[in-house]
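The data blocks that follow each hold one structure.
Heads up, the next two complexes both have subunit A, just with different partners, subunit B and then subunit C.
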Partner chain A sequence: MKKPTTTKVAEALAVIAVVGLAAIPLALLASRSLAQSWYWPRLAPPSWSLRAWRYVFSPTAEVLPSLAASLSVALAVTLSAVIVALPASRALAWQEFRGKRAVIFALLAPVLTPPLAATMGVHSLFLRYGLTDTWVGVALSHLISTVPYATLMLTGSFSRLDPDYEAQARTLGAKAIDVWRNVTFPAIAPGLAVAASFAFLISWSQYLTTLLVGGGRVRTLPLTLVAFQRGGDEAIAAALSLVFLAPAAAVAFSVARFLKENQ
Partner chain B sequence: MKTVKKNDSIIRFLFAIIGALFFSQTLTGCGNTATSSRPALTAVQFGSARWEEVVAQAAGGEVNFAMWSGDEARNRYYQSSVAGRVKELYGVTLRFTPVGDTADVVNKLLNEKGAGRTAGGTIDMVWINGENFRTAKQGGVLWGPFAEALPNIKHFAEDARRRDFGTPVEGYEAPYQRAQFVIAYDTARVPEPPRSIEKLREWIKSHPGRFTYLAPPDFTGSAFIRHILLFYLKQGTDEAAFDVSFDERRYQHAVAPTIAYLNEIKPYLWRKGETYPASPKEADRLFANNEIDFTMSYGPSFASERIARGEYPLTARTFVFDDGAIGNYSYLAIPFNASNPAGALVVINHLMSPAHALDQGRALGSLFPLLSAGLTPDERAAVEALPLGPATLTVAEMAKHQLPELDAQYLERLEKDWREKALRQ
Partner chain C sequence: MLAPALVVIGVLFAGGLALAGAQSLGYFAPTGENALTLRHYVSLGDDPEVYASLWLTLKLATASTVISAAAGLALALGLRGVARRSRAISLLLQLPLSLPHLAMAGALITVIAPSGLLARVAYALGFIQQPADFPALINDRFGAGIVLSYVLKEAPFVALMTLALLARLGDEYEQAARTLGASAWQRFRHVTLPLLAPAVVSSSLMVFAFIFGAFETPFILGRPFPAMLSVMAQQRYLDVNLAARPGAIALMVVSALLTAALAWAYLRLTSRLIGLERPFIL
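So, the complex of A and B:
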């Protein structure tokens, strides 16, 4: 199908606008991380320096260990969230049972409550069960806010899939694992990818929960980043922001590609 | 079909990684709790222990220092130099918990207290003062009293040991660093700055739009208006008998001319006083942009640091009012559930030593906080020789103009009156 020229122009403009919206703040961050000092109304920084980047890559900044901590927590949270969400969303989508609305509301509750109040409560609870100050505790606390999102998203995927497909495959003699591999998984894969990336990004950007539950023992990247943002060293905060952004952008990008391939 | 197989193996691989992670983290977690099985020193035990015993108990331990960590030079200095020195002198491994806001630490401790977590805490010492100290002390989340029993407490002035913004210290925190109010200006723009409260008023009126102060309750802005209050509080009072504790009658006497002063200069301020910079960063920007001629800070070396970072002109300098400059202290405290109070005591005592204060003065340009009376002649000479940045006043100059911090009640009342009678006029 051929598109009229006006549509093409409109599409091109839209692409430019979207790319611009994403690129301009990034370009600003990059230049701020390299600027000595940069005050309004100057359009460009008066002088450049690698000071911030040198600090970020020095052992003092402990950026590499924080990256490792952030990544390990986020990956564990993503996987666990998906494992919890899969059966839950399947049941929510395919089965009718009493109190289903209540279950959905309970699922949403951690997302609906103000984060500070919820976090303080989680901290007290974790203290009682001796889960604070450990990597496992931090991963568990992140699960509380990621599982609702993952479940709701996968519920959508499952509702669009007719349960009869599974029944049909089984009638034809497929084992449960084969049904999952050849029928269910391919059908919900795009939804699964989106749910997983959401879980990853939510865990990746947790600050207060990690600070309280991790007690400073579990040092993820946001902990280091926030200290510099509040400290007012803009160059280092900008450099750290870019380091913080890279893995998140990589995840979003690969999920987008995966979705395109599976279209 | 093929892609499904590929995804399958990726997922299996991820499972293996996560499994391994969980396993390894749980193991190290257990290891940690096993090593800290020795019961922590109590404040009562410390009261009757000899210092050598505390030092012996601290050796080989690990101390977690919750330190505000928003400054690159400071982080670098503490993680390499100070941690190395403490290891070498006492065999203590010093680790840092990055803190963006000390209030977060206090909240964590209060929560832990509520949950009955009275031992095995993750923080052994914390950098604190003012409001956070008051909250922590009232909440009973501090270990102590301990400060008065430290060998190096003798180097600190009586006022630092007694009150922190009006809250009685009572040995629950040990004085550590000193801050004092200075004003920065640019000699290229203002060759001779107005060095008194009175002269400042005239200067502002003859240079409309070139002066402003940070809006209280900003820490620095609040200190600026406190200087004016202090100026009127002291009028008609015997200088030597001046008392910082709150007195309603004296406050009423001084607050009227203070508010009158602020309203008198208001039309001549930057943007006619319709708005004030809300953060030090904003005031910095206005000064660097040549929109105003003065900025202020509690860090006597702040202008030198800005010059070094290329943010302020090379001709920037600082001055203090002849009427005096308010100074205060920041402190080190030990949480009630610290795992290693003995180690924390040893590190705190080290950070209060002349050797450390001199070293930090050399490394970071911090104001030397100790009394000169307790120093050896060599140390006194070293203090004299501390390198100052181009814009930093000498230790002696700062000490000569030292004014005590007023009771916190003055601060609260003045901020309220400023809001009602000066801001909204």
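So, the complex of A and C:
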């Protein structure tokens, strides 16, 4: 069928918008981080310099320790959220039981309400048990928003898989571990990848929860970034934004590629 | 099987919420409060700053959600053909999604700040003489920078959710409508839109609930007064005077209850509009 011109125009506009949405913020941050003396009203910077980047990776900036803190928290949170979500989503997708709607509601509530109220309560709970200002406390507090997302997403994957496949494999004599490795895992792998990447991204970009529970002692990357954004050195803040973005984009990209290969 | 997830939700979310509720109702040990009282809620009700903040939050969350949903739907419809042919498009759509809100706010400042790129272009074209002449788009009265920042992040999210549904649906229904003589507008209004409604409704609900309680973007791009609810609660929570803390917690409890009520109303309304028996989500 021949496509009308309006469709072609709409398509072209949409593609331009997507490319712009992806490229423009990156180009802005990159040029801002490399520009020197880019004062009003210059349209382009008079010269370029690596000053901001050198500073970001110098020991005084303490960016590398915050990168390590962010990565370790996000990886631990992702792993725990997925481990907690797997059995729950399997039960939600395959089993009927009393109170199932209540469980789904309990999982949706943290997704649909501001996390700050619960975080404030958790803060006082952790104060009592000495978990404030600690890495463990921060990681635990990130579970509030990651576990529900991971569970809801994995429930979708399990409900598209027929539970009979597992039963058949067992009837044929496969051990539990083999059933998981050869039947269940390959089937839910795409959903697992999406759930894990969501958990990672949510934990990676937490600012306020980390600030409250970590008391400023657990300095993840967002805390350091805000310090520089408020501090007023735009070049350093831009360079740091790119450092902050890179792992998140890498995770999102590799998951998207993995999904395409699995289609 | 459910136990680990329920422990996490039960202790950290429900327990946290219950503790927050108790602290806002007069059980706040650090200041020696130890009796049931509604006074923190009463003083919220007497506080004009609270109403200003509530109104601002509602306005900005609604505006950002409506624009993101419309833009995201338009984007998905424009991209549906391309997305079928090329994988690069959905990869590109992932990028704004993974761009943290703080980084997006930072990138926007370089463009829309009073001495940003837009103002410099306006100067070069002779529209303005100095940065102060440029209309305020950050830390402004209307929250323009906040809405723009959210739309740039959330429209791709709505688009991705809608594209995923489009890929599953195929275009047989629209072809059938075309064969039966439906015009382009009729096909869109009576076939495509109702089919896509579930994706747009659930994604826009997530967007609204997120923005209503979000902190980073209004913290960077907004004014300190009136501030959006979470920013105001954070200011009061971290006040050097601990006596302000129960009031801050009460504010977030109100915000959580309000979001839940709005989400419920939105699901009821939309499911009736689309003609579903039961509200749906995800």
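Following the convention adopted for this analysis, the second predicted complex is superposed on the first by the 237 of 263 C-alpha atoms of A that agree within 3 Å, B and C clash if a C-alpha of one lies under 4 Å from a C-alpha of the other, contacts with A are read in each partner's own complex, and residues count from 1 in each chain.
Everything below uses one rule, namely that contacts are C-beta pairs under 8 Å (C-beta built on N, C-alpha and C of every residue); 3 or more make two chains touch, one makes a residue touch a chain.
Since this is a predicted model, take the numbers as computed values, not measurements.
Steric overlap between subunit B and subunit C is present once the structures are superposed on subunit A. Judged by the touch definition given at the top, the superposed model places A:Val226 against both subunit B and subunit C. Once the two complexes are overlaid on the shared chain, A:Gly156 sits against subunit C while remaining clear of subunit B. Residue contacts after overlaying the shared chain place A:Ala167 against neither subunit B nor subunit C.
In the superposition on chain A, A:Leu79 contacts subunit B only, with no contact to subunit C.
Once chain A of one complex is fitted onto chain A of the other, the partner contacts of A:Met120 extend to both subunit B and subunit C. Residue contacts after overlaying the shared chain place A:Ala68 against neither subunit B nor subunit C. Looking at the superposed arrangement, the partner reaching more residues of subunit A, out of subunit B and subunit C, is C. By the document's definition of touching, both partners, subunit B and subunit C, reach A:Leu212.
Shared-chain residue A:Ala109: touches subunit C; no touch with subunit B.
In the superposed model, A:Pro148 lies in contact with subunit C only, and not with subunit B.
In the superposition on chain A, the residues of subunit A touched by subunit B in one structure and by subunit C in the other are 40-41, 120, 124, 208, 212, 226, 229. Residues of subunit C touching subunit A in their complex: 1-2, 4-6, 8-10, 12-21, 23, 74-75, 77-79, 81-82, 87, 89-111, 115, 117, 119-121, 123-124, 131, 152, 155-156, 205-206, 209, 212-216, 219-220, 229-230, 233-234, 237, 248-249, 252-253, 255-256, 259-260, 263, 281-282.
Residues of subunit B touching subunit A in their complex: 1, 3-4, 7-8, 14-15, 17-18, 21-22, 25-26, 29, 64, 66, 68-72, 75-76, 79-80, 97-101, 104, 107-108, 111-112, 114-117, 121-123, 280-281, 285, 288-289, 309-311. Listing the residues of subunit A that touch subunit C in their complex gives 3, 7, 10-11, 13-15, 17-19, 21-22, 24-26, 28-29, 32, 40-43, 83-85, 87-88, 90-92, 95, 103, 106-122, 124-125, 140-141, 143-144, 147-148, 151-152, 156, 201, 204-205, 207-208, 212, 222, 225-226, 229, 234, 237-238, 241-242, 244-245, 248-249, 251-253, 256-257, 260.
By the touch criterion stated above, subunit A contacts subunit B in their complex at residues 36-37, 39-41, 46-47, 49, 51, 55, 58, 60-61, 72, 75-76, 79-80, 120, 123-124, 127-128, 132-136, 181-182, 185-186, 189, 208, 211-212, 215-217, 219, 223-224, 226-233, 236, 261.
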